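Below, subunit A partners subunit B and then partners subunit C, in two separate complexes.
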Partner chain A sequence: MALPPNVSEEEFASALSEFAQAVGDEWVFSSDEDVALYRDSYSIYWGEPEERVASAAVAPANVEEVQQIVRVANRYNIPIYPISTGRNLTYGGAAPTLSGSVVVDLKRMNRVLEVDEDRHFALVEPGVSYYDLYNYIQERGLQVMLDVPDPGWGSPIGNSLDHGAGYTMAPFRDHFGSRCGIEFVTAEGEIVRTGTGAMPGTDTWQDYRYGVGPMIDGLLAQSNFGIVTKMGFWLAPMPETFLTGTVTVPRYRDFDALVKEVSYLEDSFLTGMPSFGSPAAGGGFGQASPQMAELMQDGWPSVERLEEFVSAQGRPAWSVELRFYGPEEVVRASWDAAKRRFRDRVAGAAFEDGDFWRLPLSAEELATNPRKPLLGVPALEIFATMARNPRTNDAPLEGHADLFAILPRKAEAVHEAARAMSDAYGELGVPPAHHPFSTPLNFYSRAFIVPAIVPTWRDPARNAQSRALYSRLVDRCAEHDWIVYRTNPAFQDQVVSKLSYNDNALLRFEEKLKDGIDPNGIISPGRYGIWPASMRSGRA
Partner chain B sequence: MSVSEVRDDLGQLWYGELRGQLRRTRTPLAGVTDRATLFCLEELARDVDMRVRFRVDRVVEQGGRTRHEVSGQPSLAPTLRGLGTDESFGNAMASVVRLVDNSLPGDVGTLRRTGPFHNANERTLVAWIIA
Partner chain C sequence: MKVTIVVAGLAILTTAALGQNAPSADTGKVVFDKWCTPCHGAVAPAGGLGDGALPGTSALRVKYNGELPAVLEERTDLAPEFIETVVRGGLFGMPITRKTEVSDSELEDIIAYLTRSNN
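This part shows the complex of A and B:
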């Protein structure tokens, strides 16, 4: 069994006993077999001494038990690491940032406290999964639509606190951005409510999130300043229909115009999340095909060479699927307006009608629908899909550590990122995953993301190579002034170190806050680079 | 004994049926699935403090030979090795489940043996017990 740092076996045994008094014997887990359930299945240090592992886990049933856990942890200086469902795979899963921490598993705090279909919000506890919330809404026939990540087994609270995102309309797919009202337990064991929740008896906690005075919600995301025990979310009213249409543009150079027009449409609230692709390249995201590898064998091709390649393929260089939500007459008019604008601005733009569905779909219709996340319906099908992907199976990976670089919404930035990442792979002898037709993701409506999916294994030698690649990608992003918006615990220090404006003033400010509100440093030490004072000297 | 079929999305089965039943009574689960499905079930089983107690990965190698990788409670191995996927499977698994001894120390090596994207996934079925 791992022990918390600087805690003796006797002290730890006493602490576990006090945890058991707080939550009941059956909700303290300390056998090797129990603790192994909290390993990170995708760990990039799997089986190595550096793998982040828990010393025990404790599962409170309510906020009062969370308070008691925090007080015990303070008495014994035991680091604790709260998880909601612990399925944040690629970003650490259920494993703590600091080995030896006690995982506070909030799975028993699983109540949907309220869903209001007239004011379009939900209030939930951390153990509520997207499936739970979805099923709650379905069972009551409430006319609201969720925005879900994929896979959908995580919790709205956990996902939003790590800045997770979904697939529908801009205000909702930014999950932290759609929150309204938070309750959390401080390191001292106090319960705090943000926004108008600070006023007892308010009926606007999930309507108006600013309250009065400083809004501290952001301090609870990607951080270690408290344990969130309730959170409100704004939901979309159930749209009447869903419609998709695909735009293609013929030339490599047309990506610039495509991007600008898509940004116009989304920022005008006419479309949902766009999905870019490259018909000429056979796709835009994922491992480079042999055809792309051949195109790049003599270095990054010139634009002229890329135009020749596109012409030779006989397919359009780029595509974007636009998605519309709303009344039928509105979505059809929006698609018509989009087509007119593209036709006016990009020579050779072509259009293809896609799906049209009346919402909500019935259970029978959903059963065979492969696009559930676009409709706010949680799914786990992505695992089956990826397991059967021939390209995935060519590379016997066991998991992945994702690196998402945030870029401005500019065609040239996307091309630059693809080239920089491709170079980084090449420098380490890893087959490139990026190519001149790589396309961005648009989880956040105001920024592009160019992802790198770095494989993880059960093989230490291969994991060492993956760590070297990930680290190099972080460095390369920083050289280009691209932030990595979310990362695996193994790289959080490195990623945060790149926020170097004014001698890392942001991190120094966060450390002052940490010292003030969590002086013993018990909550999630090291999460996103924020270490307690006692552990700061050894930080990379 | 109840029997469920898993298609691509395990989530509705877990959140709609299994988890609620298991919260009330921690009944052992037994099944034959692909590795990706078992990976998901293993992650989900933490909700109810259950874990993989035994598994036999039936790996079909390139030449068509079949290899069984067995881990977990040793006394179950002979019975599970002979299991097929025909109609007798349900009864056979039910008998094996009765042999699971939760009082024996668990085998940490049985947990998380593979991720969901293993290269042998398409050719591998896993017989497993979660308890």
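This part shows the complex of A and C:
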């Protein structure tokens, strides 16, 4: 059995006994077999000494039990690592940042406390999954729409606290941005409510999130300042219809105008999440096709060469699918306005009507609908992109560590990022995934993301190569002043070190907070680079 | 028929005496539908990512190439130990499933469901 750092077997046994008194014997997991269930399935250190592993897990059923767990952990100086549904795949899964931590598994706290279809909000506990919340809404026929990340089995609380994102309209697809009201347990075991929740008996906790005075919600995300036990979210009223339309522009150089116009439409709240692509290149991002590899065999092509390539393909250089939500007359007018604006600004812009659905779709219609996340319907179909397929039949992917670089919404930045990432792959002898027609993702309406999907394996040799690539990409992005929005514990110190303004003043401020709020450093030591004072000296 | 009823009755008495519920294929289907069907179901989205099948079904279709059914619920050869190993340990892109998600008892129900037609 693994032990927490600097805790004896006797002390740990005593602590486990006290955990069991708090939650019941059944909900303390300490056998090797049970603790192994808290490994990160996609660990980039799988089976190596550096793999982050728990010493035990404890699963409370309510906030009072969370308080008791925190108090026991403080008594014994045992690091604890809260998880909600423990999915968070590619970003560490259920495994703790610090090996030997006791995972506090909040899955049993799975109550949907409220969904208001008139004021459009939900209040949930951490163990509630997007599926659970969706089913709750469906069973009651409530006319609200969720915004879900690609895998729907995660927790709205966990996803938002990791800055996860979805697919619908800008105010909702930023999941932390759509929160309203948090309850958390401090490292000392006290219950705190943020916003107007600090006023007993309030009826505005999920309506007005500022309260009065400092807004501390941000301290709970990608951090280790407390254990969130309730959280409110703003929801969209169920739109009457959903309509899509695709715009294409003919030349490589047109990407600049395309980006600027899409930003205008998004920032005017006229479209939901846009989806860029490149018909000439045959897709968006991903493994570069042999055609792209050939295009890049003599180095990064000139703009003139790229224009020749586009002409030779006979297809438009770029596309963007726009998605509209609302009453039929409004979405059709928005699409018409978008077409007029593109026509006025980009010579050769062309348009194609896409889907038009009246919402909500029935369960039967949804079962065969391939675009569930765009409609706020949880699914796991994204896993098909990594599942065994004819190309990977001999060695199916076992996991991945995602690196999503945050960029300004500028065409030149997208091209620069594609080239920088392609170079980084090439330097390590890895076939490039990026190419001159790589397109950005737009999960966050005000920023672009250029992604790199780094494979992980249950094979140390291949993981070593993946770690080298990931680390190289983090460095290369930082050289271009791009940060990664979220990362695996294996790289959190490295990523956070890039926030170096004024001698890493932000991290130093967070450390002062950590020392004051959690003096024993028991909650998630090291999460996103925030280590307690006792563990800070050894940090890279 | 009478023998079957008597045997079933004995089984209920035995498990009741032990304070346990016997694994139930019916309950297993409910648990399977919640936790497994989104990847391993038979009904796939048209034109979706999985080449006409959900992720798990799509992967197994490639793996078995028609030699075995790609839809788990159509299999008649799954060993209980294998099901348990995959659910608890994960396999390729399928992650580990913890006991706070699918309890040991629910896993037994899933096994009862997936092995209900075993040869």
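Note that the second predicted complex is superposed on the first by the 528 of 540 C-alpha atoms of A that agree within 3 Å, B and C clash if a C-alpha of one lies under 4 Å from a C-alpha of the other, contacts with A are read in each partner's own complex, and residues count from 1 in each chain.
To be clear about the criterion, contacts are C-beta pairs under 8 Å (C-beta built on N, C-alpha and C of every residue); 3 or more make two chains touch, one makes a residue touch a chain.
Remember, it's a predicted structure, so these values are computed and weren't measured experimentally.
Three-chain overlay on subunit A, with subunit B and subunit C in a clash. Contacts of A:369 after superposition: subunit C is touched, whereas subunit B is not reached. By the touch criterion stated above, A:86 is placed in contact with subunit B and with subunit C alike. Of the two partner chains placed around the shared chain by superposition, subunit B and subunit C are both touched by A:383.
Contact with both subunit B and subunit C is seen for A:152 once the two complexes are overlaid on the shared chain.
In the superposition on chain A, A:398 contacts both subunit B and subunit C. Of the two partner chains placed by superposition, only subunit B is touched by A:32; subunit C is not.
Shared interface residues of subunit A, touching subunit B in one complex and subunit C in the other, are 29, 34, 36-39, 41-42, 85-87, 89, 94, 105, 107, 131, 152-153, 372, 379-381, 383-388, 393, 396-399. Remark: subunit A residues 27, 29, 34, 36-39, 41-42, 57, 59, 85-87, 89, 93-94, 105, 107-108, 127, 131, 152-153, 367-372, 379-390, 393, 396-399 touch subunit C in the complex. On the side of subunit A, the complex with subunit B involves touching residues 29, 31-34, 36-39, 41-42, 85-87, 89, 94, 105, 107, 129, 131-132, 135, 151-153, 372, 378-381, 383-388, 392-400, 456, 458. Across the complex, subunit A is touched by residues 34, 38-39, 43-51, 53-56, 58-60, 62-63, 88-90, 92-101 of subunit C. Across the interface of their complex, subunit A is touched by residues 8-12, 14-16, 34-37, 39-40, 42-44, 46-47, 49, 51, 105-108, 111-112, 114-122 of subunit B.
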